[in-house]
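These are the structures, in structure tokens.
Two complexes, one shared chain (chain A), two partners (chain B, chain C).
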Partner chain A sequence: MAVAVPQRTQRRRESLGSAKAREAFVGYAFVALPLGFFFLFFIFPMIYAFYISRYDWGVLGPIENLGLQNYRELIDDELFRHALRNILVYTLFVVPGQMALGLLAAVIVNQKIRGRPFFRASFYFPSLASSAAIVAIFIYLLNADGLVNSILGTNTAFFADSDTALPAIMALNTWTTSGTIMLFYLAALQAIPTDVYEAAAIDASGAWRTFWKITFPLLKPGHFFVLVVSIIGCLKVFDQMYIVSGGTGGPNYSTLSVVLYMYRTAISDLRWGYAAAIGVVLFLMIFVFTLVQRLLFGRAEVS
Partner chain B sequence: MRKRMTFVGIGCLAIVVAVAAGIGGGGGSAATAAPTARDVTGSITLAGWTSGGSTEGQLLRQVLAGFKKKYPKINVTYTALDPYQQNMLAQFAARKPPDVFYVDSNDFPDWVKQGLLQPLDSYMKKYKFSTKPFYPRLLNAFKYKGKTYGFPKGFSPLSMEINTSMLARVGGKAPTTWAQLRALAQRMKAANIPEGGRPICLQPEWARLLAFVYQNKGSLLNSSKTKATVVTPAVRDAVNFYVGLINSGLAGTQQQLGAGWCGEALGKEKAAITFEGNWIMPFMAEQFPSVKYRVYRMVKNKQAATLSFTVSYSMAKASKNKAAAWTLLTYLVGKPGMTTWTSKGLELPSRKDVKLKVGGRTSFIRDAPIGRPWQFAPGFSKVMTVANNELTAVIEGKQTVNGMLAKVQEAANEALP
Partner chain C sequence: MAVEKEAAPHVAPIERLARGEEPVAGARGEIPGRGGGHIATRVVIYTLLLALSLLYFVPFFWSVSTSLKTIPESVQGFDLLPDHPTLDAYREVLTEFNFARYAANSALLATSVTLINLFLCSLGGYAFARLRFPGREILFMVVLATLMIPDQLRFVPVFQILSDFPHTAWNLDFPPVHYNLIGTYQGFIVIQMVLATNLFLMRQYFLTIPKDFEEAAKLDGAGYFKTYWRVMLPLAGPALAAVTILTFQGMWNDFFWSLVILQNPSHYSLTVGLSSFIGQYKTLWPQLMAASVISIIPIALLFVLAQRYFIAGVTAAGVKG
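And then the complex of A and B:
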């Protein structure tokens, strides 16, 4: 060889270079399958939905190229406005409710109390149970002459009155999803180092003060994550609205959610282009919300 | 040598002629009777929402068994789809729909407009299939632009059910007109019958209200389905009558009476009078066997009219074995098939020549000729969403009747071409 590089270093350099490349290759190979899956079932349908929304699309394919007309129609659509108003009101009340309830449950379950697994399981159970089954039970409970009414001494058909239908669903969902929120907060709580609490104990800080001044701020990454996940879930609410109203959007449009409206447009009206446009608008809404939160609350890092 | 060649020549000619005749014959000559058992073969799929485990499922299996006996070379697979519309639409979009399937009269306008159904007129002509036995109104529900796209497999009209013991307690007779209905309800209310409920149960939906609109000679669309006729005195007066019964305490919605639907209200004895179809009979027999009630003909006002809920058997345009599908279709809606299907009275026969073996349904059958199909024009699903939501608003007092009618008319005009 004409090159004056000692053979040992040359071999080491070669082996280092190819080892890195090999490692990278192995990494990509592992991720390739789930990534492909993700692309096929999430990214591609999203792009395709954008595409469909520009047409009058029927069951057997595109009927007419409408450009952005579906979106223009959406702006004037009164039903869409009802749906939008409903999910915004819903999100406004359910998100803080879920977070508070979930945090409370997490704090309780984080204590060293007796029967801890039992409490954990019972707080989480509503999230596991089928939403359809829970709604069916609640329809029965909230009947005009059902259990809740006999306790309260009233006679309101909660799900049939446009003033109480949505609040009833909000209460129902706050309770069922708090279990999942509890798990997120539990993970965040357990990430807080115990010496912080020891320091607080030395400073004779009361339980409430400890919670507010120490625990709560340290849960910032938990708050951010829960806020994002909660808002996304609330804006997409569908199941309960569908079951309670029988698909119509409830008494006087009170249980019409955006996803329910999209569902009806697709399945009953067979206007798949318009339904895709509704989906795209909802997607953009959620995207903007998440982006705004990211900017406001910064990155989820514990200081 | 020449003789042999002639022989061979004639033989070949004979074979060619036979083959040609075979091919030509298989293609179908003009005006033959229903395919005989030997002609048609194949595997076809049937889809519906009748679940296999239910009583109806058993009846359907009996019908299909009868079919298999008559046409052993045709293999039919039935699949129950749940939810029905979603699954059917997915299969249509994938170009792999079932060969024969249910079509609800309310889905029919949209499905036929999208080109999903096979027009059946050429088959009707070829196989001399007579549609005379079908009730005309039900048959016409599945026609579009003059062509037939399905045959009604059964139907149920809305009639009137009254709790007979409560009726006897006020010493009343079953009403036949709106005025008599109101008078009877007032008598019951004065006598506090039923206790803790209201005399009549009315569902806050147009699938019941529309019957009363028709009785007042009103309708949402004109007969050619080209114009919306919602904002008319006939419709307004009918709605005022319906909502008026609720507002005056003579009637209540099922939710006000603490029930899931008016049949349940009748069973729980929270209402004495309700307007439901024959599906109420198995329900009452199973859930509330002790409640004594009777089915009467629907009330009338300016004319006798009611709603009929009907479903057709239709063929997919994309079906790969249309001859077999046609054979199945005509068997299912033919006299023997329909007799078996309606033998328990769970659905009523849409053919006049099928006599019901099970009793108690005379009033329903008598209401058949005046029953209008629950159906509108393509694109009307959104109009009905608006209409039903506005109706609940009116009943709650948050919207006026005129306001509702204006909104429904607006939505209808948008939906019509």
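And then the complex of A and C:
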């Protein structure tokens, strides 16, 4: 009898072992298809981009291995520097604008007010529409004889003037994206414990003071998260630039973004290796911001 | 294990949604110092609310109103409402300017990508959440890591992969078939079949489902696939809804990949069609506004029908960075 016990345990262990192997096998089988496609169309291309960026690469394939020549050329490329300057200026203005507008909308919608779901939905609405539709609407609103000009009593063709084209795109994108920023801030506002406010009420602080002394500082993780997401989004700007300028980045390259320059380099100039190098530089810029975010926060947290 | 702990905050909204709660800014009751009582505060809040609503609404209202005008009326004066509302612009845009075709293309692309993602990402997500196999954590980390990389980095490589790769790129005789997916629906669909965000959302949701359900299924003698298909999928409703909405909206509104891949006017998506219309007939305002309204309506409807999944999905997935 005493011998039978270990035997049975062993048999159970064996069947447990084969069940484990079976589970692992099924696991691999289940992830094979999704991960196979994911590897083929995401991971491999992302690595392959670095490889291509080292070549003079035409439509018919690689012509010459240039080493880092493409990157050296980028440093002195006037158009690339112009595109870089454009998106930096764009980021510098759009990020604070989005955050201020998004936070304002979030704080208001978070109040005890009538019709809150309705207002929340209406602030989020521009974020739902496609960039193409939003740009179409703004081209109409901002044309020389349009609504905005008639209100201002001016006659500016905003998108046709190299002084106003970029600011106009900044304004429309600040407006569009603030709805998404509002959602992030709402999630962050929810994470603030209510007892903090109760303490503030005992102090008889006014609403304005409560906001600046308590809510705003407590939103710090939210601010940082939104800041990084917003910067990354701005650096990747493409759709609005392309549609407004018909793909040229004009007038006078005032709406040329880095992604648009990459697109033109590949599609119009057929310099695929150089375009890949531009993509890699964009990746490095964004990667720095993402790393900062991850290092300071572990993973991104809203709450 | 480390992945699970780190990633946990991401899905709070979805988890809450699973419990049937309002995902964001749920009612909290009276909180002192937050808009209670003071009349002055109320006045300020409602004034701001009104101003902001105007700011967000006027452009859309204006575009709908213009889409119902005639061309002469659209350029003369700024009446808020059309004198003689007409659907002519919609009719013209849909027929003469081919937007019926573009809309059908967009619907086809968005629906295909969404359905494929629903199946593949729930299958993979289930395995990542529940089945133990060596290398599981590392593989999942790799998927997550791609979320830190801008999608546009794929531009040049994907273009090559879709056009007769690796024949031209590497001068190989392999594979024995030649193909070119640039300019085809398949080319667009194939590069979006498995989106990391969706894989992530599905896995996180499956992690929140109690194991009892699967154990009961196992006792009934159900295999792994049957457990996934019959037990887990029906329990994952909120996550599937979020994936559906996020993916459909993302694909319907996509501009970059549509522009790059669908180069032939017969394959244009709504967004590319709109962009090309702007380039050619900029000042046909009623038509341009009608085309914009057509592209916004389906997403607006989806939003009205499923607002809570929308907001939960954006909050959970948007955190992808």
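Heads up, the rule we're going with is that the second predicted complex is superposed on the first by the 245 of 303 C-alpha atoms of A that agree within 3 Å, B and C clash if a C-alpha of one lies under 4 Å from a C-alpha of the other, contacts with A are read in each partner's own complex, and residues count from 1 in each chain.
The criterion applied here is as follows: a residue touches a chain if its C-beta (ideal position, glycine included) is under 8 Å from a C-beta of that chain, and two chains touch if they have at least 3 such contacts.
Keep in mind that this is a model prediction, so the values were computed, not measured.
Once the two complexes are laid over each other on the shared chain, residue contacts for A:Leu60 go to chain B and to chain C alike. Once the two complexes are overlaid on the shared chain, A:Thr194 sits against chain C while remaining clear of chain B. Of the two partner chains, chain B is the only one that A:Asp269 touches; chain C does not reach it.
Judged by the touch definition given at the top, the superposed model places A:Val259 against chain C, while chain B stays out of reach. With both structures placed on the common chain, the touch criterion links A:Val89 to neither chain B nor chain C. Ranked by how many residues of chain A each touches, chain B and chain C are led by C. After overlaying the two complexes on the shared chain, residue contacts for A:Trp175 are found with chain C alone; chain B is out of touch.
Of the two partner chains placed by superposition, A:Leu218 touches none, neither chain B nor chain C. In the superposition on chain A, A:Asp145 contacts both chain B and chain C.
Across the superposed pair, chain B and chain C both touch chain A at residues 59-60, 139, 143, 145, 267. Those residues of chain B that touch chain A in the complex are listed here as 85-86, 89, 92-93, 95, 110-111, 114-116, 204, 253, 255-258, 260, 379, 381-382, 385-386, 388-390, 392-393, 396, 398-399. For chain A in complex with chain B, the touching residues are 58-60, 79, 139, 143-146, 157, 159-162, 248-253, 256, 264-265, 267-271.
The residues of chain A lying in touch with chain C in their complex are 20, 23-28, 30-31, 33-35, 37-38, 40-46, 48-49, 52, 59-62, 104-106, 108-113, 116-117, 119-126, 128-133, 135-141, 143, 145, 147, 150, 175, 179-180, 183-184, 186-187, 189-190, 194, 197-198, 200-201, 205, 207, 210, 214, 225, 228-229, 232, 235-236, 238-239, 242-243, 246, 259, 262-263, 266-267, 272, 275-276, 279-280, 282-283, 286-287, 290-291, 293-294, 298-303.
Those residues of chain C that touch chain A in the complex are listed here as 6-7, 9-10, 12-13, 24-26, 28, 30-36, 38, 41, 45-46, 48-49, 52-53, 55-57, 59-60, 62-63, 66, 75, 78, 120-121, 123-124, 126-128, 131-134, 136, 139, 142-143, 146, 148-161, 168-171, 190-194, 196, 199, 224-225, 228, 249, 252-253, 255-256, 259-260, 270-272, 274-275, 278-279, 282-283, 285, 288-289, 291-293, 295-296, 299-300, 303, 307, 311, 314-315, 318-321.
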